[in-house]
Amino acid sequence: MTPMATALAPLVGQVEIHSRTGENAPCQAQQGKVFCLDWAIDNFDRYTTPLLNQLLLVLIAVAIGFVVAFAFAVLSHRQRWLIPTFTAATGVLYTIPSLAFIFLLLPITGLGWETAIIVLSVYTLQIIYRNIVAGLNNVPPESKDAGRGMGMTDRQLLWRVELPLALPEIIAGLRIATVSTVAISTLMVFANVNTLGQPLYQQIDFKTNIVIAGGLSILMAIVLDVMLLLAQRLLAPWRKPSMEAMT
Amino acid sequence: MVTGHWRLRAAFVFVAALVIALGVAACGGGDDDTDTGTSGGGSANLIKSNPANNGIQLTVGSKNFTEALILGDIYAQALQAAGYDVKTNLNLGSEVIAYKALQDGEISGYPEYTSTLLTSIFGKEADQVPADAQGAYQQAQQELEPKGETAFQPTPFADANALGMLKTKADELGVTKISELQGKSQDLNLYGSPECRQRVDCLVGLQDTYGLQFKSFNPVDIGLRYTVLDKGQADASILFTSDAQLAANPDKYVLLEDDKGIFPSGNVIWITDQSTVQKAGPDYQATIEKVQQGLTLPVMQELNARVDIDKQDPADVATQYLKETGYIQ
Amino acid sequence: MSAAFHLGLLNVFGDAIDFIFNQQEARTGQTTVGGPDQVFHLTGQHLKVTFLALGLAVLIALPTGVALGHFRRGEAVAISLGNAGRAVPELALIAFVAAFIGVGLLNVTFALAVLGIPPILTNSYVGVSQVDRNAVEAARGMGMRGLQVVARVELPLAVPTIMAGVRTAAINIIATAALASLAGLSTLGDLILGRNVYGDAGVVAGAIMIALLAITLELGLAGLQWVLTPRGLKVARAGAQARSRQEPRPWMRPRTAPGPRP
């Protein structure tokens, strides 16, 4: 690597200009290399902020989606005629691709965390709502009879019998929603939020970068999924969720 | 008695605690931090921190491709070294978004190309843009001043769009100028950014001014502009004259000469508004104009190379530039 | 929320609709953008790659899932593939294909098909393996052999589940096709990612078109599902829904004294 003298204005120091002719080029400068470990280790801190942002975004969005879907489900548990309405509404919102949704919100909330949270939460509504309703529907009638027989009010029945028994389905829904949300949150780079999609988009031709950013996102999804699975085993070990809830 | 009840409560508490803990951690690792250069005596180049600038907040913006990011980081770190309180917003997309951010007051200023400013923002034709840096700068000032904005002196280097090919392909076709593609372009696949299709300093100019019809135009992310040439998928690709890859591989790629002048060349000028200039004092303009003096074309290509080829972080490369030239220690 | 805010909102959406139907001067005034020709051309491209990819995904995943479900093998793989497929970020997939393999229609179709395979595979498996065993036994008892059992009994009964998977795949594919403009293919994503050139009106117009496309495709596939679902299943489902609505209303429940505690 030979520094070349450049003709600069007087008194300004010289920037060392390196010659880059291939043979001694480091791993990341070579087009063909799939994964450069040294570069990955040195530059890992580039991914920490996007990673944490993504995690935070996912947790907030799934939490909000869960609260809203839960409210819908409790409401439609009493007023069963609401079920088709809520299912259709959440279904339509689910069908709208998230990228399009971001820009449909452009005139309303602009770009930023607000838009990203709205898009991500709305996307989780259908699956969580559907699974809570399915879980409540799958509660064995005997359990409900037993509860009524013990003198429980409707409200006590819901909270002490039906919901705990529906827990496997509810958590299955949360798992699906969380994994999907992690994947979609990479797209929030288009809403100006610095998630793992940002380093990906910035250096879209750098293979190591794609492997790291994509890999971290998938890893996050797996970890959250496993955590929720453990939670389900802990909280409701006596039941496995129905197949309907898993797909 | 169903015992699921307390488990539910435990679960909620656990999740809430997790969310709070992660929220605290995330806030800790939050926004971009700018690298600070230190002040001190020594070489005449050194930017000295002026206590009068402490507490004056400036937000440095930039567009979101390599060259813009490096420039944004250089200016941000230089202003920080001069004692200003600097925040950065280095991801502003394209010129429309960046200019709008300036007008909305979200940023104090950002580096823009004279050519882009005049053609894209102010709607001038490519041949109305003066070819020399000072001429373009004067024209830009004329457009900006009525709007309450202003620009600082231009950088030594200029950048422009260009039509590039592999040298082997250009030799095969026997072309050195774009106009020589007449009659040959209908067999060529052209690759450019998605917006190139609608830009006069891109596909529209090639079609209207040169009268060229290409076999196909394919949009790709600008990060892939050399990849598609290397892989043989593109016969021609829209490149930039200050690209690192051109300097690093002078025998591999060739830029065809723009003989009809559809690709105006632009030096970079710092655009800001007049009220910020008043508020920030003389060091604002002085620092920016001082720190960019080292940015000749070879230097800019070298800095681009450190990011695009060596895959370093733009902020680190900006710091290296400032240290190697002696502006900060 | 003020009236001015609402008016401003209508403005942008109005501009977007205008963008779709009227070709207009570009922001810089030197070329034209928008208009039905351009928008519908991009829509056509978008649909083309969606159908190609969906077709490829169905071709690969449907027979595989049905076969696995029929023989009741590979449940772990089928289910975890579905979960894994959900975890793949679309932007990373497009970038991966663009950087590692190449750009262009073929490569993008391949990437989108990869996205569509997991839900179809999983749901085909689940749908077929969950078919009522009695129906399968009855069919075998009537002398039907393997392929006939699949075609006459298992597939029709599994239609709702399988179609749910196809619909999920379709939505994912049509959403990711918007990113194809990063990888060599002009689709409606051009409008969305080209705010610089097409302006806010163009961006919102692109978003509206994609949303409409997705909803239409979903409705179309829902219609297809209705057509393919055997009548018996439709009757059974209606019955189940009616039964679930028969849960006694609170005021109708007979009041009984609490019985002895168990």
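Should a chain be cited, it is by its letter among A, B and C, assigned in written order, with residues numbered from 1 in that chain.
Following the convention adopted for this analysis, a contact is a pair of C-beta atoms (placed from the backbone, for glycine too) under 8 Å apart; a residue touches a chain by one contact, two chains touch by 3 or more.
The shown structure was predicted, so the numbers you read here are calculated from the model rather than taken from an experiment.
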For this session: Select, from A-B and A-C, the pair of chains that is joined by more C-beta pairs in contact.
Result: A-C
Problem set entry | Centroid comparison with chain C (C-alpha atoms), farthest chain | B
Exercise. Just curious, how far off is chain C from chain B if you go by their C-alpha centres, in Å?
Worked result: 38
Seminar exercise, completed: So, in whole Å, the Cα centroid of chain A is separated from that of chain B by 31
Seminar exercise, completed: When centres are defined as mean Cα positions, the distance from chain A to chain C in whole Å is 18
Problem set entry | Junction residues of chain B, two or more chains touched | 221, 224, 227
For this session: Indicate the residues of chain C shared as contacts by at least two other chains.
Result: 98-99, 182, 189, 193
Exercise. On chain A, where are the residues touching two or more other chains?
Worked result: 201, 204-206
Exercise. Which of the residues in chain A end up touching chain C in this complex?
Worked result: 34, 80, 91-92, 94-104, 106-108, 137, 148-151, 154, 175-176, 179-180, 182-184, 186-187, 189-190, 196-197, 200-201, 204-207, 210, 213-214, 217-218, 221-222, 225, 243, 246-247
Problem set entry | For the chain C and chain A complex, residues of the former touching the latter | 8-9, 12-13, 79, 82-83, 86-93, 95-96, 98-100, 119, 122-123, 126, 130, 161, 164-165, 171, 174-175, 178-179, 182, 189, 192-193, 200, 203-204, 206-208, 210-211, 214-215, 218, 244-245, 247, 250, 253, 258-259, 261
Exercise. Residues of chain C touching chain B in their complex?
Worked result: 26-31, 33, 98-99, 102-104, 181-186, 189-190, 193-199
Problem set entry | Interfacial residue positions of chain B with respect to chain A in the complex | 2, 4-5, 7-8, 11, 14-15, 18-19, 22-23, 25-26, 29-30, 43-45, 64, 91, 221, 223-224, 226-227, 230, 248, 293-294, 296, 298-299, 302-303, 305, 309-311, 313, 321, 324-326
Seminar exercise, completed: Counting only contacts in the complex, chain B reaches chain C at residues 93-97, 119-120, 123, 125, 191, 194-195, 197-200, 204, 218-221, 224, 227-228, 231, 233
